[in-house]
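In the two assemblies presented below, chain A is common to both, partnered first by chain B and then by chain C.
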Partner chain A sequence: MRDVAVRLVAGPLEIVSLIVILLLVAAAVAAPLLAPFDPAAADGFNTLRGPSSRNLLGTDFLGRDVLSRLIYGAQVTAAVAIGSVAISILFGVPLGLVSGYFKGLTDTVIMRFIDALYAFPPLLLSLVLVAMLGPSMYNVMIAVGVIMIPTFCRLARAQALVVSAQTYVVAAQTIGTPAHRIILWHLWPNIAAPVIVQLTIGMAWAILAEAALSYLGVGVRPPTPTWGVMLAEGFQYLRINPWLSFIPGMAIFLTVFALNILGDALRDGLDPRLRN
Partner chain B sequence: MTVSEPPLLTVEGLTTTVSVQGRQAHALDDVSFQVRKGECVAIVGESGSGKSMTALAIMGLLPEPQVRATAGSIRFDGTDLLTLNQEQMRAFRGDRISMIFQEPMTSLNPVFTIGHQISEPLIYHKGLGRKAARKKAAQLLAQVQVADAEHRLSLYPHQFSGGMRQRAMIATGLACDPELMIADEPTTALDVTIQAQILEILRDLARGRGMGLILITHSLGVVARYADTVIVMYAGRVVESGPVAEVFGRPKHPYTRGLMACVPTMDGDLESALVPIDGQPSGVFDRPSGCAFHPRCPLAFDRCWAETPPLEEFRPGHHKACWADE
Partner chain C sequence: MLRFIAHRSLQSIIVLFLVTVIVFALMRILPGDPVAIIAGTGVEGLTAEEEARLRARFGLDQPLPMQYLDWIRNVLVGDWGISTRTGVPVWTELAHRAPITAQLALTAWLIAVLVGVTTGVAAAIYRRTPIDSFSTAFAMFGISMPDFWLGILLILVFSVWMGLLPSVGYVSPATDLLLNLKHLLLPALALGLSEAAVFMRQTRSGMLEVLGQDFIRVARAKGTPERVIIWHHTLKNASLPIVTIMGLRFGRLIGGTVVIETIFGLPGLGRLAVQSIVMRDYLALQGVVLLVALFVVVINLITDIIYAALDPRIRLA
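Right after this comes the complex of A and B.
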């Protein structure tokens, strides 16, 4: 674990990324304390203003404070990122492990199902799912989680195939270890590292997907502030006040970028071959 | 060891079929042998001769569906192992039959301590709790001559040397006091002094406990020194078998003789080169007709490529599968 910690602060880029993610988490957790205004409080006399000392990041078309909305939006972003990745790992990884360990018919059945899921364009599938379930934050989590299941399943299966060919797995079989114990105690700990790396990339992807769904109007509904909703609302006033779209866009970009950098750092830190 | 006692393991006519992309071939063909209690049976042969596959077949771990046992029987203490399902077979593995592997570097799981791994079979088969299993694990590790066993139980495989890992593997294999142990080239990856120690531990344990030991190896030196009985395999068939002294004293099959001619000796003439066996062993899918060894055999005549010679007892206990008779 020390190797991982060392990698996470290996360079300025990693440190900045770590700070960005910690800021995001802090904003999500302590939004009511940090936000200077109520994110839903409209002010008809102060619409579409640029940054000022009162509204650090300006106001939107209803006069709501952009900074406050950005901070509250972090809650939805963090919740969707964590929730959807949790769903996809919870279903994808066990399916992949079972598939890769038992092979044969089990593998064929599971993988055809996963392939079918994979065959849909991801955003289209999540659009359909949210349309069916109805727009809400939890349904966005489910929709985005479901479309990421194939990624985690395939990763876990590929790794399980490699690890189950290792002598220690065959050796475990020769002492009569039950299959569920082999999967849980021999396969899973040895494939956890790539899954953790994929987790950071999956979170970045989920943030983008949530923003896209909200932007298209099927995700989290206004007035709940989310970065995607802010981006979509600001788009109509791009010529009057480009800040409105630029700020949430920048927030999404920085978060996704930071998650990708951390994912790379984790991959290096968790790879025993790169340790010295 | 009394002669009247029924053998512990009787492999009879064992045949395995490999199917790859619609093509089928026999990887093992009519393999038969016996192992008695306390006896060390060595299986020798070059890579691809079917030594390891024989071991996997006994363990019920053939890579199905690509490889299946299609004929014959493996009788262990009255039960035909080939008729058992995976769940029934699992009760035998680790408890009554255990196996150790060639690569001590990769046969232990890197994420668990040595103690944890030696304890596992005790927990599955003997129903011991973690604590009791760990106590037994310490005794086992001491039995395979690892010093300071108690302390070393908490170490991870990467903190062990190759020889110590192989000892830990043997300790795991011995945990439930099995009646049969299969050692698949247990010393190939180790240096010579460690090799001798490991093999002595294995042989002494086998004799002391009356445990049958199948030693798979390609080293004739190992066979001569540690085994009671030797089985020589070529291209998936047994070509010669018998007591070690008998087979090495009067090797009958040209392949056995070839193997012996390419072993360097300490007192040999430095000028006389080792004699390799000409040619290459065949693959599973391109086995020659008749006796599979005939393309490489100095004694081959027309019958050899027409008919497969059966394994025949020509002296008490000494079998050969060869048409040539001088």
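Right after this comes the complex of A and C.
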């Protein structure tokens, strides 16, 4: 654990990334305390303004405070990132473990289904799933979570194949340890590290997917402030006020960038071959 | 080799079958009555008799496996239904739009290959120099940058501020090739630069792995020129995983054009998918999803076969 902690604060980039993620979490948790204005409060006399001392990041086409909307938007971003990754781990990892441990027909059936799911381009499939389920934050979580299941399943399966060939697993099988116990007590703890690394990368992808769906108008619907919706609304006023598209885009970019940097740092810290 | 191709093709056929099952299932779970979806009308105004007649006409009174078989038979003969939004057969609509998406994806893919492989090779050769740092930072930026935001920034700089390139619309290459390329450049850059990051990472790590091997050390000890070592020995040996990634990512690009086509007003498959969702034109949506998924499966199969042809270890494994 110490190695991981050291890697997470190894350089300025990692420290900045940690700060970005902590800021996101703080904004998501304490949005009502941090936001200077109500994110839905329109002001017809104060529309499309640039940054000022009153509105630090300016106002949008309805005169709403961009900073407040950005802070509230972090709630959706954080919720979708955590929720969708939780769904994909909950289904993907057990499927991968069972597939890799039992091999044979079980493996073939599960993996062909996963291959079929993998054949669908992720964003297109999530688009269809949200259309099916209806536009809401929880449905976006489900849609994005489902399309990440193959990634976690393949990862868990590949690791399970390696670990289940180890002597200690063979020994456990020889003394008659039940399969579920071997999977839970021997396989899972030994594959947790790459799953944790994939978790951060998965969160980064989920944030991009949520923003894309909201941008297309099929994700979380206005007036709920999300960064994707803000980007889409800002795009309409690109010629008058490019600031409106720049700010939410930068927020998405910084968050995804920070998660990718932390994912790399975690991988280096958790992989014994890269530790030294 | 033939055995490998046969085995891999069989796997792809199973995956294709499952893909059609998933698309069929999605269509049945979509909100709204299937009669209304397929007929493009509401069922509210229909009498029970008319509704029953419509159900019988579309085969919806049959058990689900029979409905699936009917549907797959129609798909195989090119009867993909009628778009309720335009009244045009879905197949015709797809045939019009697929070339636009294919051209966009291909241009983006070429940009990605050119930029990604060049920076990847440079980063590996000049390891631990500013060139390596710059290339690695570029890759991290590319992976983290939402392509739709990059698209908006490109519009802002090249269309709004500099007025060099058009921001929306599409012109067929048959009408005016130069204008066609002008319309495609910005969306292709937005898509391609994100992909380039993936290729760069793969090229760099592949090159570094090969550069550390004994035969390279031997070549250097023999006094082989560095140019020959890099291009003939290293890149050739590192190219197999790069080629695989390139193949797989091309399939992904075809389905990844949704947002970019919407931003740049390109009438391709991605935009058709979004329009179909908004207008509840589920037959057209089904057509897009099925066509793109089939394409991905075929591209993956071709990539695997090329990989096996280049590397005997794969087909003998």
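Please note the rule applied: the second predicted complex is superposed on the first by the 274 of 276 C-alpha atoms of A that agree within 3 Å, B and C clash if a C-alpha of one lies under 4 Å from a C-alpha of the other, contacts with A are read in each partner's own complex, and residues count from 1 in each chain.
Operating definition for what follows: a residue touches a chain if its C-beta (ideal position, glycine included) is under 8 Å from a C-beta of that chain, and two chains touch if they have at least 3 such contacts.
In this text the structure is predicted, and so the values were computed from the model without any measurement.
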Partners on chain A (chain B, chain C) - clash or fit
fit
In the overlay, answer first, second, both or neither for which of chain B and chain C A:Q166 touches.
first
Chain A residues touched - chain C or chain B, whichever exceeds:
C
Could you tell me if A:F235 is touching chain B, chain C, both of them or neither one (first, second, both, neither)?
second
Which partner does A:L124 contact after superposing on A: first (chain B), second (chain C), both, neither?
second
Given the overlay on chain A, how many degrees, to the nearest 10, lie between chain B and chain C at the CA centre of chain A?
90
Going by the contact rule set out at the top, does A:S53 touch chain B (first), chain C (second), both, or neither?
neither
Where does A:G134 make contact in the superposed view: on chain B (first), on chain C (second), on both, or on neither?
second
Scan A:Y215 for contacts with chain B and chain C and give back first, second, both or neither.
second
Contacts for A:F253 in the overlay, against chain B (first) and chain C (second): which applies, first, second, both or neither?
second
Looking at A:G176, would you say it contacts chain B, chain C, both, or neither? Reply first, second, both or neither.
first
Smallest Cα to Cα distance in angstrom from chain B to chain C after superposition equals 10
Common interface residues of chain A - those touching chain B in one complex and chain C in the other:
none
Chain B partner, complex, touching residues on chain A are 104, 166-178, 185-186, 189-190
Could you please specify the touching residues of chain B with respect to chain A in the complex?
59, 61, 64-65, 90-95, 98-103, 106-112, 120-121, 124-125, 169, 172-173, 175
Complex contact set, residues of chain C against chain A
11, 14-15, 18-19, 21-22, 26, 29-31, 140-141, 143-146, 148-149, 152-153, 155-156, 160, 251-252, 254-256, 258-259, 262-263, 270, 273-274, 277-278, 285, 288-289, 292-293, 296-297, 300
List of chain A residues in touch with chain C within their complex
112-113, 115-117, 119-125, 127-129, 131-132, 134, 204, 208, 211-212, 215-218, 231, 235, 238-239, 242, 245-246, 249, 252-253, 256-257, 260-261
